[in-house]
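Common to both upcoming complexes is chain A, partnered first by chain B, then by chain C.
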Partner chain A sequence: MVRLAAFAVALFIVAPMFIVVPMSFSTAISLEFPPPAYWLGYYRNYFTDPNWLRPTFNSVIIAAASAMITMAIITPAAFAMVRSRFRGKALVNLLLMLPMAAPSIVLALAYYYFLGGMRLTQTHLGVILAHVALSVPISFLVLAASLKGFDRNLERAAMNLGATPLKTFFLVTFPVLRPGFIVSAFFAFIHSFDETVVSLFISGRDAATLPRKMFDSVRMDADPVIAVVSTLLFSLVFCGTVVIAVANHRRRQARISRG
Partner chain B sequence: MSNPHLSLIDLVKSYDGRTNAVDGVSLDVRKGEFLTFLGPSGSGKTTTLMMIAGFESPTSGRILLNGRDIAPVPPFDRNIGMVFQNYALFPHMSAADNIAFPLKMRKLARAEIARRVDEALALVNLDNFGAKLPREMSGGQQQRVALARAIVFEPDVLLLDEPLGALDKNLREHMQMEIKRIHRETGMTMIYVTHDQTEAMTMSDRVAVFNKGVIEQIAPPLDVYARPVSRFVGAFIGDNNFFSGRCEKAGLFAADGLGPIKVAAGEQPGGNLVLLVRPEAVRLLGEGAPATDNAFTMTVDGVVHYGDSVLIMGTANGVPVRLRPSSVAAAHVREGESYRIGWDAANGHLVHA
Partner chain C sequence: MGARVSGRGLSRALYSAGGSSHWLLLAPVVLFLAVFAVLPLLKVVQFSLTDPKVSLDNYVHVFGSGFYLKTMLGTFMTAFIVAALCLVLAYPVAYVAARAGGWIAALLLLAVAMSFWTSFLVRTYAWMVILGSQGPIVALLKTLGFQSPQLLFTNFSAILAMVHIMLPFMVMALYAVMSKIDPNLLRAATSLGARPFQAFRTVFLPLSAPGIVTGFSFVFIICLGFYVTPVLLGSPRSQMIAGVIGDHIEYSLAWGEASAIAVVLLVITLALFAIYNRYVGLDRMWG
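And now, the complex of A and B:
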């Protein structure tokens, strides 16, 4: 009974994909279900149309840059927050979490005026800065959690064995925490790649991200290329999830076998 | 001890500025000595060790290694090895890479590193385990790797922070012998922290008994056992009977409740004292047994069987008494019955109350 319910919920969640994926192979000139016939024409359109490729490229650049800057900010923040006690720590924690608590639309409006004042709207840099602010909380939480589980005796041991603090970080701390860093950076990347509301307000035409382009396209012409992009994004996420799941499974198996 | 290898001088550590975790510790360690820091948790023994390793800086006091003050020397330049309670092996490196780590930090030649790693693996009897990751090894094997890693760079002093605490009893006893063997074979100066008095007794050249941030006594294990300087040391190491009272003249102790008890003439009279008598020194006096200097009648309240020996708890004149005869000698003892017990004057030891 529980299994049946779980299956029903799963089906409900993935149901949209059963509509979007077939539509991406459709011959219809607009979004239409069920598709009248099937072909790969819209895939060709996506991969040849600069109006689609440019936002894709923008999104990748913006997401990668946001992830890097986010990591550069939250790495020292996580070490400080987890390992030291200092005056105003609770306040710093609140500031780090604030972007998560504020509604997206409020932030979007704020960024629109704030970045506009600095002439940064409609630029990559503007979008990147906004996305960094938005991805800090979740990335910080992920990294801080893995740092909390880190055994500091490993660092003591490294130093005791003759490693300077810098060598200790790069030879011991970072390699041991690598999964935490990867997941944290991955969250920052996905958050930026996925972010729509703020991008709508500030990305303009030149720095338009993929979600913004999709939104515009749905509003203007309901171009079936949207279904193509959705399918590609879905496959990407699906593959990523499978890879992570397999890796976890292997690790667990290894743990069981050594008993 | 004309030329101590490692000296601690009036070492004090306070974390909060009010109470001292370590409250004036001074001691000298000889080259090649096996010294144990023994004490309950919170007694300051691990904090002292952390200051020697350089992970904590002393609030005041000095640490001299070969006559040189090492206060300004950061931990990575101290050349002091350390074995951690949870091993602290690098999980992403094989056993051999773990052991090679300190040698790589010292920029030794590759061939020299390989040779010394092999030697170290052989020393801890792990010849064929070099390629294994820590998580593929048992607790005992991991501890051997940690040991090999800590001695492979030939540190001036090896610190061991409760290294066997996570192992089960049989493995622990085996590793105790292994550590002693390595101590013999390398001649390394070792400081061993433990709260296990048996470990301290069996392994050490000398034991430093820590309590509340100070060393109460530092002496060879048998001296600490036979002549504890305080009630705390007498209670922490081995089991003991405590009889409070006064000593008006040499050789005679007036115990509260029990009355006069003969003690060795060398014991110092004066003030409020506690007489310590080891339970194994108290004998059951059956018919025909040789008389003892002191004898009382005791009612048995409880008997605990250990297999080889028996712990008998009872009261004599309202004073609790414990004795630990062999199970053969105590086969007839029943709860609620009364027996004659006694001990010789030489087995009593007086400390200040």
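And now, the complex of A and C:
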């Protein structure tokens, strides 16, 4: 009974997303389902229309840049927060969580004023700076969690054996923590790539991101290319999650069979 | 943010607990957030108090107007309904995933991960197709003989899509707690004569309470400030508070008034976070 309910809810979670796939091959101009006929025309439109390609490139560049800056500033902070105790730590923790706690529409308004005053609205730099602030909380939490599980005896052993602290960091600390770094950077990248509300109000035409373009085309209800973009994005997620789930499951099976 | 931190200073900062070197490590992120998070938010507070003139008029207006009070009340109601529905739907999924393990858990968590990582614009668009006037549900209702109802652009469509979008968060919050509950506790309860449901109610349910609190608070707080989905799918006549702020940015020049509503929303949200942090702890949010 409970299992049936669980699977019914899981179906409710995944099934609706698949409807974007047939929609992307539809010839219909509006949201008609089932599609009247199928073709590939809107795929051709997506891959040739600069109004879609430019926001796609913008999003990739902005997400990559903000992920790099985010990692650069949160990595030292994660070491300080996990490894030392000091006065004001609780306050720093609250500051680090602020961009997650504040509603995105309020931050959108704030950046609209603030970046506008610095003439940074409608620029890539403005969107990157805003996205770095927005990515800090989640990336920090992920990195700090992996740092908490790190066995410091490994570092002590390396230093006992004569490694300098920097050597220890690059030969021991960083390689052990690499999965944590990668996941944390990935969260920063995706957070920026999917961020809609702030981009909507500050990215303008030149720095328009893909979510902004998608939002506009959903709202105007005019551009069927949105179905193509949705299908491409969903396919990436579908393949990525399935591959990771299968790999995890295999690894667990292997561990069980080894005893 | 010294560009030339000496190797010795850096290593001392990374590996020792004493001294004040931790501030060296914290400086970049603290300075960055002070300039690019705190200052912009203070700017909103400043506008709310000074535009068009220095006064509390904007707040008097916000709290005195039936429209804003109705919007705020409606937003709270919607957020509560979404969080409650998410809890009811997510609980069995997290429960089965935590208790069954194996391929069943793998499959359920795969469904959750797939939705979690898919942009919520994609999910919102999917619901527009499903609930649209030329969509499958309306077609089904028509063949069953009902006259075609308006599904899209109603509170119903907004709530349905928000529940769908927030469900993965709720499942993960519950699963993080449930997967750590020792199954021997349930076995002990049943071997002492408790019926399965009794064992669940008196042992498992209370132990899963931290996950319930975390998931519910998180979904509720996010929904208070939800912009995209209600704006695209909801009824234009009963907007949520974020939508009203967005309209102000786009169409009106009443900066002071928009800022005052934003400050009210910000204060309510931060207060809820502070209460949550005080009683549960923000670091518990991620299991």
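Here is the rule we go by: the second predicted complex is superposed on the first by the 245 of 259 C-alpha atoms of A that agree within 3 Å, B and C clash if a C-alpha of one lies under 4 Å from a C-alpha of the other, contacts with A are read in each partner's own complex, and residues count from 1 in each chain.
Following the convention adopted for this analysis, contacts are C-beta pairs under 8 Å (C-beta built on N, C-alpha and C of every residue); 3 or more make two chains touch, one makes a residue touch a chain.
These numbers were taken from a predicted model, which means no experiment stands behind them.
Bringing the complexes onto one copy of chain A puts chain B beside chain C with no clash. When the shared chain is aligned, no partner comes close enough to touch A:Met220: not chain B, not chain C. Legend: residue contacts after superposition of the two complexes on their common chain; A:Ala6 is shown touching chain C, with no touch to chain B. Contacts of A:Val106 after superposition on the shared chain: chain C is touched, whereas chain B is not. Look at A:Leu98: by the touch rule set out above, it reaches chain C but stays clear of chain B. Of the two partner chains, neither chain B nor chain C is touched by A:Ala37.
In the superposed model, C is the one of chain B and chain C that contacts more residues of chain A.
Once the two complexes are overlaid on the shared chain, A:Val172 sits against chain B while remaining clear of chain C. In the superposition on chain A, contact of A:Ala157 is made with chain B only, not with chain C.
Shared-chain residue A:Ala72: touches chain C; no touch with chain B. Angle at the C-alpha centre of chain A formed with the centres of chain B and chain C, after superposition on chain A: 90°, rounded to the nearest 10.
Between chain B and chain C in the chain A overlay, the least Cα distance found is 9 Å. The residues of chain A shared by its contacts with chain B and with chain C are 159, 164-165, 168.
Residues 53-55, 74-82, 84, 86, 88-92, 101-102, 105-106, 135-136, 149-150, 153 of chain B are the ones touching chain A in the complex.
Interface residues of chain A, counted against chain C in their complex, comprise 2-3, 5-7, 9-14, 16-17, 19-20, 23, 30-34, 72-74, 76-77, 79-81, 83-86, 92-99, 101-115, 117, 129-130, 132-133, 136, 140-142, 145, 155, 159, 164-166, 168-169, 173, 190, 193-194, 196-197, 201, 211, 214-215, 218-219, 226-227, 230, 233-234, 237-238, 240-242, 244-245, 248-249. Per the touch definition, chain A reaches chain B in the complex via residues 151, 153-154, 156-165, 167-168, 171-172, 175-176, 255, 258.
Note for the complex: chain C touches chain A at residues 7-8, 10-18, 20, 22-26, 28-30, 32-34, 36-41, 43-44, 47, 89-90, 92-93, 95-97, 100, 103-104, 106-115, 117-130, 132, 134-136, 139, 164, 167-168, 221, 224-225, 227-228, 231-232, 242, 245-246, 249, 255, 258-259, 262-263, 265-266, 269-270, 273, 277, 282-283, 285-286.
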